[in-house]
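By letter and in written order, the chains are A, B, C, D, E and F; residue numbering begins at 1 in each of them.
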Amino acid sequence: MSRHPIDEWEKAAAEVRTRLSATKVRARFEGNPMAELAPEFAELVQTVARGRSYANPTLDLKTRSLLTVACLVGLGEQPYIETWIANAMAVGATREEIIELMVQLFTYVGTPKAVTGFAAAKAVFDETT
Amino acid sequence: MSRHPIDEWEKAAAEVRTRLSATKVRARFEGNPMAELAPEFAELVQTVARGRSYANPTLDLKTRSLLTVACLVGLGEQPYIETWIANAMAVGATREEIIELMVQLFTYVGTPKAVTGFAAAKAVFDETT
Amino acid sequence: MSRHPIDEWEKAAAEVRTRLSATKVRARFEGNPMAELAPEFAELVQTVARGRSYANPTLDLKTRSLLTVACLVGLGEQPYIETWIANAMAVGATREEIIELMVQLFTYVGTPKAVTGFAAAKAVFDETT
Amino acid sequence: MSRHPIDEWEKAAAEVRTRLSATKVRARFEGNPMAELAPEFAELVQTVARGRSYANPTLDLKTRSLLTVACLVGLGEQPYIETWIANAMAVGATREEIIELMVQLFTYVGTPKAVTGFAAAKAVFDETT
Amino acid sequence: MSRHPIDEWEKAAAEVRTRLSATKVRARFEGNPMAELAPEFAELVQTVARGRSYANPTLDLKTRSLLTVACLVGLGEQPYIETWIANAMAVGATREEIIELMVQLFTYVGTPKAVTGFAAAKAVFDETT
Amino acid sequence: MSRHPIDEWEKAAAEVRTRLSATKVRARFEGNPMAELAPEFAELVQTVARGRSYANPTLDLKTRSLLTVACLVGLGEQPYIETWIANAMAVGATREEIIELMVQLFTYVGTPKAVTGFAAAKAVFDETT
């Protein structure tokens, strides 16, 4: 047997998906082109990410979601930032926390990337009013 | 009077500095060239970052430090990642949490930036054994 | 009193805003999401940027505007490039200078980012015909 | 005479252009703003790129097109990725090869840039069904 | 059983490792900090990358190695570029092909990243004289 | 004859090289690996950059040098920033102007890239005391 318990991760990943999908905002990646063109690989990525990382209790799911938002602001990837702000709010993050995070990150990323983060926050907030 | 309470932020920033400097690891930015060439501006940046953001209790200081680490891994800036891993550990983050964070971010940043994050973690861990 | 003369910067920032707003092109950041979600912080950023930097005569405002364009081409941020090309033209930059700048930067940034710069230039030129 | 045989490169570039334009997909850069605002410089870039590099037989044109795709996925430039996937397919690359390339690059670039690559592939595949 | 044949990939990955390790150049990542701090995760990444991608015959190993080089030049990651130039040469790539690749990529990445690629090439060539 | 006057550019490039080399600081790119591995291509790049762009009087050489610095700060490429700060100072830029430029760019690039710019400035200033 492999040292990598893929089957366990698949179960854990499904639970994470359920918790994060409590969000009311529209999915940003319906029709994810990776899932369409390379479905087994996309599933493996999701299984490892959700089942191996997000399900692991060393860091709680709300903190993990905010950490992913922070990383994505550094990368400058708006649709992913929106997804993970929505996910963070589904597991308890507040608007105030999201706004504070963007203000904090401004010092490291500068105006254009910070505004990308704020634009993502506004897009999610506008859907959840 | 300005709407921006710089004097209050200066006091709050000093407290944050004290809490973060509990770390035993060597400073990465002794002789920070921004502080040397533009000292008043560098001080303003520090005052706003520490006094306005890190001191603000909407997010606690350990979570904020980890969020900065996550953003810096997205940016790929190794010496800053080291500084903020050390800061995070000074206010309570464990090695296990730092390692879990890097594994989580792999999915978003890919191997080279993730390894930069792990290398920063190892550099800090090696100083704090 | 703080070493940071925020009140003076606010006055200087207002003058810079007036000079740059001579441009006829539409604003790119009406409804700036940072200004909406974190209004005091956004105002502080604007005050420091305009009142501390752009108002400082060590470099003239036209040169500063072109320098910001050059930096933004390095970052690859099209809407900001458009804003600062329009600002540069409001304080005296010509189309020929903007085009020469983009040709010069090609060597450093490569085709995709250079074309982003040219696309921004074209968008501004098309509004100011 | 110059050491740089521009005239020869112009002829070789024209042949490369013909081979790559066998593709059925719409051009992404009709109205290329660099070609419009700096036509002689844009032509020089094309002449050197196509006549000096793509025409050189040290690497064949299909391999070169895939290599450009791989580089552009690293840069995260979607419209250029689409153009070069279309070019690669015009000189013999298959859908399976494009998909395998994106799966391979995932490890280095992470999810957001890999999905940008898959999205580009899907956009080209959808036009060539 | 999982849809993801990790055990098969482990065998295929070992073969790929053997083929690539024919290179005479020193390893760049002895003491890889990801392998040290998160050994099971690092092994999973290697197994999937080598066993799922590099071992897959849709693209041959020499072409795949060059494609990874091209992607890494886009990312600007010098030690990884060196590793994959050495790997490419271990499975048949010539100096002329590596140099041609860097000249080709210049157009897309600009001078600093292209020179990083040439510097990586020179470092590998100097070890294999 | 080609529309691209390479021979004229070669003469103009030599003059630009003479003007910029008035600087006393050590060359950063002795042994430029692009010039070593692809000498004719490296020469072409230099000829076009210096003879076509820097020699063109639409923008003066001091302004052009500062614009290149600003772009390189956006890209985060320290050795190139050092070279172009030295070049800018060779044609008249002062320390005060370089420092003001870095303060201005902070707003757009954030702390890590701004500190890279200040570090480059300090390295050049330290050699020219």
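In the analysis below, a contact is a pair of C-beta atoms (placed from the backbone, for glycine too) under 8 Å apart; a residue touches a chain by one contact, two chains touch by 3 or more.
All figures in this text were calculated on a predicted structure; none of them were measured in a lab.
Both subunit C and subunit F are touched by A, B, D, E. The minimum number of touch steps linking subunit E to subunit F comes to 1. When the C-beta pairs in contact are tallied for B-F and for B-D, the bigger tally goes to B-F.
At the interface between subunit C and subunit E, two copies of one sequence, more than half of the residue numbers in use appear on both sides, so the contact is built from largely the same positions.
With chains reduced to the mean position of their C-alpha atoms, the one farthest from subunit D is B. Subunit B has its Cα centroid 22 Å from the Cα centroid of subunit A. One simple way to say how far apart two chains are is to compare their mean CA positions; for subunit B and subunit E this gives 32 Å. Each chain gets a centre from the mean of its Cα atoms; for subunit D and subunit F, those two points are 29 Å apart. Residue positions 41, 45, 48, 52, 72, 75, 80, 103, 106-112 of subunit F are each in touch with at least two other chains. Within the complex formed with subunit F, the subunit D residues making contact are 1-4, 6-7, 10, 40-41, 43-44, 47-48, 52. Listing the residues of subunit D that touch subunit E in their complex gives 45, 48-49, 52-54, 56, 58-59, 63-64, 66-68, 70-75, 80, 96-97, 100-101, 103-105, 107-109. In the complex of the two chains, the subunit F residues touching subunit B come out as 99, 102-103, 106, 110-112, 114-115, 118-119, 121-122, 125. Contacts from subunit A toward subunit D in the complex involve residues 29, 32-34, 36-38, 41, 45, 72, 75, 77, 80. By the touch criterion stated above, subunit B contacts subunit D in their complex at residues 106-113.
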